[in-house]
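You will see two complexes here that share chain A, one where it goes with chain B and one where it goes with chain C.
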Partner chain A sequence: MSHNNKKTLYTVIGVVAVAAIIFGLYSYAGQESFIRTVLSGLTLGSLFFLVAAGLTLIFGLMDVLNFAHGSMFMLGAYIGWQFYTNPTFIFGVLPLLLAFAAGILLVPLFKPKLVRLELSDVWQKRLPKLMYLAALIVGGIALWKFDVIGLADTAMVAAVTTSANPLAELSAQEPLLRFMWRPLLLMVSGALVAVGVSRPGDRTEITAPEPLKKRLILLIVLVILTIVFTLVRENASEAVLLMNGNLRFLLAIITATGFGFLLGALIEITMIRPLYVRSFFIVLMTLGLSYVLRELVQVLWDPLAYQMVRPPLFAQPGRANTIAEWLMNGSSTISIVGVTFPTYRLFVIALGFVMFIFVTVLMTRSRLGMVIRAGVQDPQMVEALGINVKSVFTLVFALGVALAALGGIGAAPFLPVQPGMGDQYQMQGFITVVIGGMGSYVGAFVGAIILGMARAFGDYFALKWQLSPTIAEASTVIIMIVVLLLRPQGLFGKKD
Partner chain B sequence: MKNIWKKDKGFVIFLLAAIAFPFVFSLLGQTSLTEGTNKFWQGQLINFFIMAIFAMSYDLLIGYAGMLSFGHAASFGGGAYTVALLLTYVAPDIVKNYQIFIGSLNITEIVVLLVCFLAAILVSILIGLLFSASAMRVKGPYFAMLTLALATALNLLTRATDFVEWTGADEGMHGVPVPYWINPTQNRLTFYFIALVFLVVTYILMKRIVSSPTGRVIQATRENEDRSRMIGYNPVTYRTLAFVMASVFAGIAGALYSLWTVSATPSMTSGVTTVNALIMTILGGMGTLIGPVLGAGIMQIFSQFFYTWFGARWPLVFGIIFVLIVMFLPYGIVGTWRMHGFKLKEGWQRFWDLLKTKPTAEK
Partner chain C sequence: MTNEFLLSVESVDTFIGQFHILENVSVNVAKGSITVLLGRNGAGKTTTLKTVIGLTPPRSGRVIFDGEEIQGKRAFNIANLGIGYVPENRAIFRALTVLENLKLAERKKGDLDRHADMIFELFPDLERLSKLKGNQLSGGQQQMLAVARALVPDNKLLLIDEPSEGLAPILIQQMMEVIRKLKEKTTILLVEQNFIMASQLAERYVIIDDGRSVHRGLMSDLVLNEELIHQYLGASIQAPTRTSEAE
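Moving on, here comes the complex of A and B:
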């Protein structure tokens, strides 16, 4: 009882303090600056939420701290920007990724047999390593002389000379007959990796029989997608470029998110799953991965900063007075209670809130969400109840990465697209997670809003007191330290 | 001497080789001791020595104390910036206005430089204490995140345009007036030996630390925190101690590095610097002292060759190697050697025995 009273008391104190701070800021800054700053704060908060939601879910479920999350954000921005500017690269690479994923999905069908193989201890250890090695070799052969840099260059040229017609920059893809064996070989490579991951001969891996039908359907869908994308490779980019800009942007968002999802699933299966037994190395692995991705991006698109063109819905100079007017004219700014605010940022805010609602519905109303929430509480117990936690792990990791990639493409039209763009968001995502509490998506949302506001008002005061915005950014660490001192498990975290 | 030889053959060989290197190189290549290719390779080795100190200090943290800190660059950069700032803005005035003599020998510059180093150590102690005070309450991934966030904050401060008059913001400080007698461009051989002395002293000190009772408790805390608390050692105290010690060595490495590059730039406090130390440590083997030194050496040599092989984006190859090592060789070169070296030796022994016994069997 006294515990409850204490909790109520703290909540009341917290609410009063927040109200006082809001009132103080409102009266200090005046209405116009206040609203503008709050809106900027919400924009930042939305992006922070998209990064932090994945981080917090991944950590809560499988105790993995993903240091590559910022890189995923950056990659999402790059993929979306690529798709919007010149999708040649995406269409060139997509069949390969899909084929690899299909190859990995091939194996669970045979897993029960693989696990029951009679193998000596030495070979149990040796076989996975040999499989990885074979997969590397086959993958290497599959990508031999694949002109990925040439593909990437198409968008670079289209982006650097903005006046140039991107249609003219469509480079010819490889002829189908030469390209065809690449996805095929990559499928083999993926299958080899999956054999290694499934630990043949290890009888502790025997679990309840999988619902084969679902896997089979997924596999067939992936194979069909691979074939379709292999066939349309050459004509698809032109078709996309001739589309309406808004539709293209929508497709870019979907592509970047899907790409993130696929990449997340692949990373989890190939790189993180073998390391669950040595959890200390997972952090090192993700760190190495972020290093690799950042360098890879620089190889593909040079260490430059690109500016993505805003889609036509947000591009027309001029100020709209109502939302209807904005949608009709596609104005770049809108007047909200007398404050002029960029419409694109409004879109980002909406994106963040929609995703929060999506995650909430997913977590509270779906079976998957139920499993995730149970898994955050006690993964072993969930596994004991006969649920395949590993595939849930993969799903959550992929979902988290997809959210980060979505944040990336959401940020691309108003941030410079560059290799280091994710670092800042990763750090702020960490701070958000610490504030909100690990494993709680509500905490991530509240933390993101708090942090976004802190950043926005920090920038406001920095401007007022003639400091640089960098100082405001650095001082967000103070919030984290204060929260940790008062409530080490975070605002919404459960006590250990 | 014999005792050291027995205990640590590899290190003595390394030390002798490092001392002999410039002279042997100039003899073999008929080049001058302080010019040309000899000077270049001395530079490479200096870089290696400094990075080895840094990697060892990082290994003290993650290998011996089991704390995965991603904020180690803060101490490194702290040391670098302290020395650079003091040498640029304070030292010239002092050298001009005051002179300290021993007999007729003017030792002002030496004393000033020593004071700079002491200040760097002090700053790194402060940074270590600050980090420990805020991060020691949490463990594991939280700790990694917190240290990363704190280090990033420091990195942002070094980039901030508010202090542009002093730190040069994004550009950093260049052309730090390093005294002539230690200046790496003019007196590289002196600097070479000074860096070597630092490396050797650090190695010996570290060795003493990790095998001292305190070091043992630190390792015990890594293995089992609850048990070491049961025996009566406060884990937080010992981990703080380890953190501050590692921070001090990193600060020294940073101070040396700023002397060597005659600059202090924000990249020294950035995450990439930490990741470099991490790569060296993992490559060589965590939890061993010679491992990070080896890792630093390999990285130094390879960065040279990789640059010519793969161009400006060689870190990509290095990153891939790092990922592969984490997957397949988690204990690094030295760790794997220690685990399997015994077997290898046994195998050789059997092989020799086979060769020896063959003639007798024929009889």
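Moving on, here comes the complex of A and C:
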């Protein structure tokens, strides 16, 4: 039999099998349970997809297994929850981060002069270390007695005593005159790091003519942003809290996703880039990073679980019969073919599908997508065409982390926000990627839906037949084993 | 004089891992000419091309392109100075369509539009196949695409690695025609095992042997020097054309 005929045959068998399973479940469970379970499965599948999409893109292009991906999901949830509940912490810390980043961005300005310095070999080695030490000391002074825990606690107070007015907690910010020197010193600290990174005196270091103008503009923008956010710390929190709740939620989504993007870029540039030649170290590094991030979150917000309040669009008691009615009244549930389903979960399903369309358009229609598809096969040749592959790697990693963070904030209103909330999703994300095929975003989508359904129907049958609920969790692993036996490269994977 | 050369590779040493692949290799390419690198398999011809484009940067020595030192720069920076690289084994992107393969090579918007007529005149097949994926093309078509891809941006120099490898005789003829036409508007550094093809195309040659550039001169002199050919190229002239390999 020819290759194509075989493929068609397998596809037909697959479609028939899927149809049979759907029909069997439908007739066994009855319409109402079936629809409710399918919707639950789609909700889970959406979140699995948001985690798995990043994992599979990053693995496909860079061969990097990111074991910190679940932590990114968790951080997205925390940042979004913070922004929505009480952004005092975010606005309190933001000027400091911006200032440090502005300091670091001085590298390209320093570099051409610094590498031409006359330095002995000993000082060439010693100077960067001294610079890092100085940066550490200056940074330490800058953050001396900075009450970051107190800032973080503001959201906790607001969350624990739901009746309390979060506006009353805004006074946690330091007065401007005492705060002012912190960003200034951090900018100095960042600049010291920048000097160290520039390798003063190292003439073998080649200074390619970087587009200096772009960097300079970025630097100026960062400095202006630092100043602005230093001045508006208190007012910004207040303005956000007085905002319409739905708008605030939208901004929380954007903030968490943007945070994920920047964090991803930062991690790729500082931690993963030096390790591409030793890919096993990347696994260890990302695993370690996930522990560090979790501890950091526990220090800031204690090892507790928080429930984020649902935005007003999904919060009014009552059932809407149509989507229009829901959007008008902000009902918490909606009737779908007679089945009552939470509107927020419907939103999560929509989020997953919209992001799948976004990724599809990005991969098939944009130049970046073309570069990624080509880079999966042969990054060296892409580079030889004149494309900066390193920066594409950074961009893809940042995009993947942004998707995970988006999943996190998407999940926050119906999952408890806690330090370990990402673990489960990271595991399922890896299983999704294996089922769908490493590097295939379509595979990630199909795999995510299959896993979501398996979990949802697993829960349904566990309840019905009074089995242990872990059967639902086990079912996803069983599916993975079956797929690996029948099609080791995954449903949409390519054979090597 | 450096000025008359578009590309000067000056006594470069290149390592891959701890292996010393190129030792004191020097190659000059005059503007508007074709220079061919000859030598046995594994002599370091491909590494020489990769050293120029920056995929295997040299540890010492200089590479001067168009009056600018380029050794140590990142490959994408070097390519953007106007160097097109056609790797061996038709390294086209299999998951991309023919059109996407060409589009990807654009450095400025509209590069492909400006050169589409020229490219499709040289390779009429590619226009017909433009919607097919790279992995649906035959070996010869893939090789044509690999060359076409280097013609999309305005390149001053083309590095072409074994364009005839694995092609049927009739396709080798076609490829020779294409390269001959390209010579009119650009400069080429060619690696070619097919001595007949190399001798008909190139004005100058450099022989690489065991990682060293051991001999250089005019092609018209080399064809008469059977001893030299035998010493360094050995069997490779015995088989001027090879048949298309099965995939």
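Please note the rule applied: the second predicted complex is superposed on the first by the 389 of 496 C-alpha atoms of A that agree within 3 Å, B and C clash if a C-alpha of one lies under 4 Å from a C-alpha of the other, contacts with A are read in each partner's own complex, and residues count from 1 in each chain.
As a working rule, a contact is a pair of C-beta atoms (placed from the backbone, for glycine too) under 8 Å apart; a residue touches a chain by one contact, two chains touch by 3 or more.
Model, not experiment: these values are computed from the prediction.
When the two complexes are overlaid on chain A, chain B and chain C sit side by side with no clash. The larger set of touched chain A residues comes from B, when the choice is between chain B and chain C. By the touch criterion defined above, A:G245 lies against neither chain B nor chain C after alignment on the C-alpha atoms of chain A. By the touch criterion defined above, A:P112 lies against neither chain B nor chain C after alignment on the C-alpha atoms of chain A. By the touch criterion defined above, A:P416 reaches neither chain B nor chain C. By the touch criterion defined above, A:R373 reaches chain C but does not reach chain B. By the touch criterion stated above, A:P488 is placed in contact with chain B alone, chain C being left untouched. When the shared chain is aligned, chain C comes close enough to touch A:V382, but chain B does not. Once chain A of one complex is fitted onto chain A of the other, the partner contacts of A:E295 are limited to chain B, with no touch recorded for chain C. Of all Cα pairs linking chain B with chain C in the superposition, the shortest spans 16 Å.
Common to the chain B and chain C contact sets on chain A is no residue at all.
The touching residues of chain A, when paired with chain B in their complex, are 59, 63, 65, 67, 129, 132, 271, 274-275, 278, 280-281, 283-285, 287-289, 291-292, 295-296, 298-299, 423, 427, 430-431, 433-434, 438, 467-468, 470-471, 473-477, 480-481, 484-485, 488.
Of all residues in chain C, those touching chain A in their complex are 53-55, 72-77, 79-80, 85, 87, 91, 93-96, 100-101, 103-105, 107, 149, 153. Listing the residues of chain B that touch chain A in their complex gives 68, 70, 134, 137-138, 141-142, 144-146, 148-150, 152-154, 156-157, 159-162, 271, 275, 278-279, 282, 313, 315-316, 319-320, 322-323, 326-328, 330. Note for the complex: chain A touches chain C at residues 206, 208, 367, 370-371, 373-374, 376-378, 380-390.
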